[in-house]
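Please find one structure pasted underneath; my questions will follow.
Going by the order they are written in, the chains are A, B, C and D; count residues from 1 in each one.
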Amino acid sequence: MSTPAFNTTQEYEDAVTGWWRTGISRIRPGEVLLRGYPVEQLIGEVSFVDTIWLMLRGDLPEPGQRRLLEAALVAAVDHGPQAPSIAAARMAATCGLGLNNAVATGVNLLGDVHGGAGQQCMQLLADLDQTAAEGTDLDDAAEKLVADHRASGTRIPGFGHRFHPRDPRRDPLLRLVEAAESHGDVPGWALRAGTALERALARGRSRPVPMNIDGATAIVYSELGFPPELGRGLFVLARSIGILSHAWEEKSAGTRIKGPIPRPLLPDYDGPARRDLSGGDTG
Amino acid sequence: MSTPAFNTTQEYEDAVTGWWRTGISRIRPGEVLLRGYPVEQLIGEVSFVDTIWLMLRGDLPEPGQRRLLEAALVAAVDHGPQAPSIAAARMAATCGLGLNNAVATGVNLLGDVHGGAGQQCMQLLADLDQTAAEGTDLDDAAEKLVADHRASGTRIPGFGHRFHPRDPRRDPLLRLVEAAESHGDVPGWALRAGTALERALARGRSRPVPMNIDGATAIVYSELGFPPELGRGLFVLARSIGILSHAWEEKSAGTRIKGPIPRPLLPDYDGPARRDLSGGDTG
Amino acid sequence: MSTPAFNTTQEYEDAVTGWWRTGISRIRPGEVLLRGYPVEQLIGEVSFVDTIWLMLRGDLPEPGQRRLLEAALVAAVDHGPQAPSIAAARMAATCGLGLNNAVATGVNLLGDVHGGAGQQCMQLLADLDQTAAEGTDLDDAAEKLVADHRASGTRIPGFGHRFHPRDPRRDPLLRLVEAAESHGDVPGWALRAGTALERALARGRSRPVPMNIDGATAIVYSELGFPPELGRGLFVLARSIGILSHAWEEKSAGTRIKGPIPRPLLPDYDGPARRDLSGGDTG
Amino acid sequence: MSTPAFNTTQEYEDAVTGWWRTGISRIRPGEVLLRGYPVEQLIGEVSFVDTIWLMLRGDLPEPGQRRLLEAALVAAVDHGPQAPSIAAARMAATCGLGLNNAVATGVNLLGDVHGGAGQQCMQLLADLDQTAAEGTDLDDAAEKLVADHRASGTRIPGFGHRFHPRDPRRDPLLRLVEAAESHGDVPGWALRAGTALERALARGRSRPVPMNIDGATAIVYSELGFPPELGRGLFVLARSIGILSHAWEEKSAGTRIKGPIPRPLLPDYDGPARRDLSGGDTG
């Protein structure tokens, strides 16, 4: 039962090397091909953002596509040490870890709730666009989606912000998408879906729920044809910059074992009063 | 004893908010400053690599600096699924993790040996340059360093490669540094130290030990004035692109629980023969 | 707008220390309380498994509970280097990381698919028990659940194994649950639900789909009253033992930068043929 | 050059399966051997701590050894949310991560400074014992070691604590080692070295620098014959309990995106004043 069904040396080689088959890179002695391009041709010729696009999509981007991707990556690099990903990476840097481990610690935290919202928003925009493609008016569809979320008490990912009444990254990103659409660089469907959603969220509300960075970059990445999961992936690449910068700031300061609050402050405790194993309560 | 020494509300606020003090970003309602620049001014105006430099160094780079940093980042994005960081991220993607967790898994592996060698090489180049500054001939110093390493049986970080007789990323990177030096964009000291080391390693050897990607990027980052620890940090940023691309390739393929070798192959076991708790050996 | 609403020093202290409030431990100078017990009373008096229970549940377990938890933890410590969590930790250990980073790398992979299946199985058992509590015959409910999964082409978490026709950990764990139920130590509902599911899966099949370690420990943890999410948490604690042991074996062997397959074997490549940036295809 | 040197199918199989060779476990269809023991014999028969010892050391422990290991593991499970490993795991749990990812985040932080000190202390104890074995009086050797550290301004790992004037975990652990030595269960050398170091640190000081948990467990693990690196590994296993408990407490509370300090408090910023890309300073 455990005997492999390999009869020839070639079958072995195929099974083992095929198990790690990839369409991304070919590494042979003296050769590094990235999506078919010899790396020595790329170095000095294409930009870092071109290379990100090449690696994720298989080909180099058009200039208009690169500009949009570049803008979205720049927009998301940092949001301060209050963000748990940044705070955790700063603490990691004070525990004697290498910068790679500190960055990994921060990146690990960019989950469904913190950063991953962009992925969910991309899915939502795609669903909304699909509904519109099937004949429903986009604003009606957005209104229904907002009503459904309000009824179930769930948030709409990509909208609303704990700090910003209006996220300063929204307007410049959306302006760039508008310009790209007018030049025919992107189709515009996600921009229309996202702004319809924003309008629906504002309707009948004294306080609007404006688009946040997750929503604005979701529009950019959707317009550029990235699948929703890569929305999270691209956010990871962007925020890594802030995570590294903050970890490095902490590391160069030489702080040791940084906890969340300064030393003289002790966390509150609301567990059981002091008690003895023998049964007594010695509070 | 545990009573904090805070007398006023202001002292509290200072202690707590000061504990998270940063010079990198200021986040206030409606405002995101990165190294002083409002984020809305950066979006669409500066490149992603400009922003990396800004975040790590505090100011925007000169064009010649940006070009070199860009080239070094492009050079290091990927080296195939055989690299443990990439393989681990691919396996992570098949275990139901988000892309953030898969990237973190890969980045975590870029330690002292795998990727971290660039940091060590930068330190070496700085030491060599220091020796030369104190009057020793650079080639003599390099020769001594090589002899010392050979005597102690340790490798010189940044030189030699398991796959490549000559790393294809070396030449284009070094050519760019040479050009940058001739334009006065960089001082050239690390290039001189690195090539002296390479010459010393080749002397009296039938098979040279050429510079690898860690060595070539160590020269670039040293010339640009980054401290050694950030050499590792920049490698992390670059390789994250490959890690994400490979994790995504695996995730989109839908593989589940990918181990290192295909299923019918079972790892060798060289532990004790089967034995019974009661004492018998039932192998 | 950004002005905190704190008027007194006390309000500050409450906000900050309350933000980190916990019912698990109180740490004050000279004092470490765990769930109310001074740590110095626990040391040497209670077992490690008692302490796991105490920390997660708030009180010490009954002897019958401890025995079951102990058995389930022992059962899950390792399943060989073929498991991606173990393989990734072994590779991590060869990249110059500390054992803490290597263990973290392995634990990170115990996601929804690899290890997390126990959590999903616990949810399933609870749902099945709920259906039975509402009057449906347990076997009918199990049969319907199996039919639903077959119709939708999804697996039932906790059943079936890629290696084992019959998982050797199933029988001893279930025998212990049966004994515990007969002593009144556990209620028995999860055992009934799990075995009903197993019977339903076997019916009309030439090859049964027996319970695996995720299913058997799901029964134990459910019987002991752990919520489903802690099923995954307990698996993490158990498998950490194997992860650490394997990482240590690799680290003590001194291997450097271990990839998934030995050096002379190169992964297959099925991406684009070699092409030039200038446009030519030079494959 | 890239052609593998494998001539027969058997050579392939040996290379590939040998690459993942292990002495820890043998997994074959229907069989799980741990260090030679069939897992079904261990379940219900040996304790979790026995299994930890078995997996790391290759054989089951003597009762006296198990008691000491058990006590050291119990002692180190938690030190409150102020510890960065715990705080980071709590924050991770609020970002939508699974408990496995939250535990990995916390464990990753147990580096050279936070937790890893035990490993360094074990090395120190071994060095001290070596010096004594070579004929130097132990107290003299300890005194010299303390003087050297004071001269170079470095801390002695395993001694001194930020919170505790006297770590409550020290005394019970050392009493157990003393008892074990008097029963002949352990040799006593690490206890002698550690207490000599403690005496040397107290001499001529108004305020002693007592042993902390890292020092006390270093003595236990050294007496039990664990190599220093496993000191860190065992700390990881112990502290995982606290990390999991705290992550779970946060997750069950339903907090979202928890930063280090409560929302109305903003971190201090000491970077450049607000400035414009165009060059103006608009502070």
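Basically, a contact is a pair of C-beta atoms (placed from the backbone, for glycine too) under 8 Å apart; a residue touches a chain by one contact, two chains touch by 3 or more.
Note that the coordinates shown come from a computational prediction; the quantities given were computed from them, not determined experimentally.
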{"item": "Centroid-based (C-alpha) most distant chain relative to chain A", "value": "D"}
{"item": "Interface sides of chain A and chain B: same vs different residues, half threshold", "value": "same"}
{"item": "Rounded Å distance, chain A centre to chain B centre (Cα mean)", "value": "21"}
{"item": "Mean-CA-position distance for chain C and chain B (Å)", "value": "33"}
{"item": "Residue numbers of chain B (touch at least two other chains)", "value": "2, 4, 6, 13, 16, 19-20, 22-29, 38, 42, 46, 80-82, 87, 97, 101, 104-105, 108-112, 115-116, 165, 260-261, 265-267"}
{"item": "Of all residues in chain B, those that touch chain D in their complex", "value": "13-14, 16-28, 33, 35-38, 41-42, 45-46, 58, 97, 101, 108, 165, 260-261, 265-277"}
{"item": "Chain C partner contacts - residues on chain B that touch it in the complex", "value": "1-2, 4, 6-9, 11-13, 16, 28-29, 80-85, 87-88, 91-92, 94-97, 101, 104-105, 108-116, 162, 256-261, 263, 266-267"}
{"item": "Touching residues on chain D, where the partner in the complex is chain C", "value": "2-6, 15-16, 18-20, 22-32, 34, 38-40, 42-44, 46-49, 51-52, 55-56, 67, 70-71, 73-75, 77-82, 87, 90, 98-101, 103-105, 107-112, 115-116, 163-166, 168-169, 171-173, 175-176, 227, 229-230, 232-233, 236-237, 240-242, 244-249, 251-252, 261-262, 264-266"}
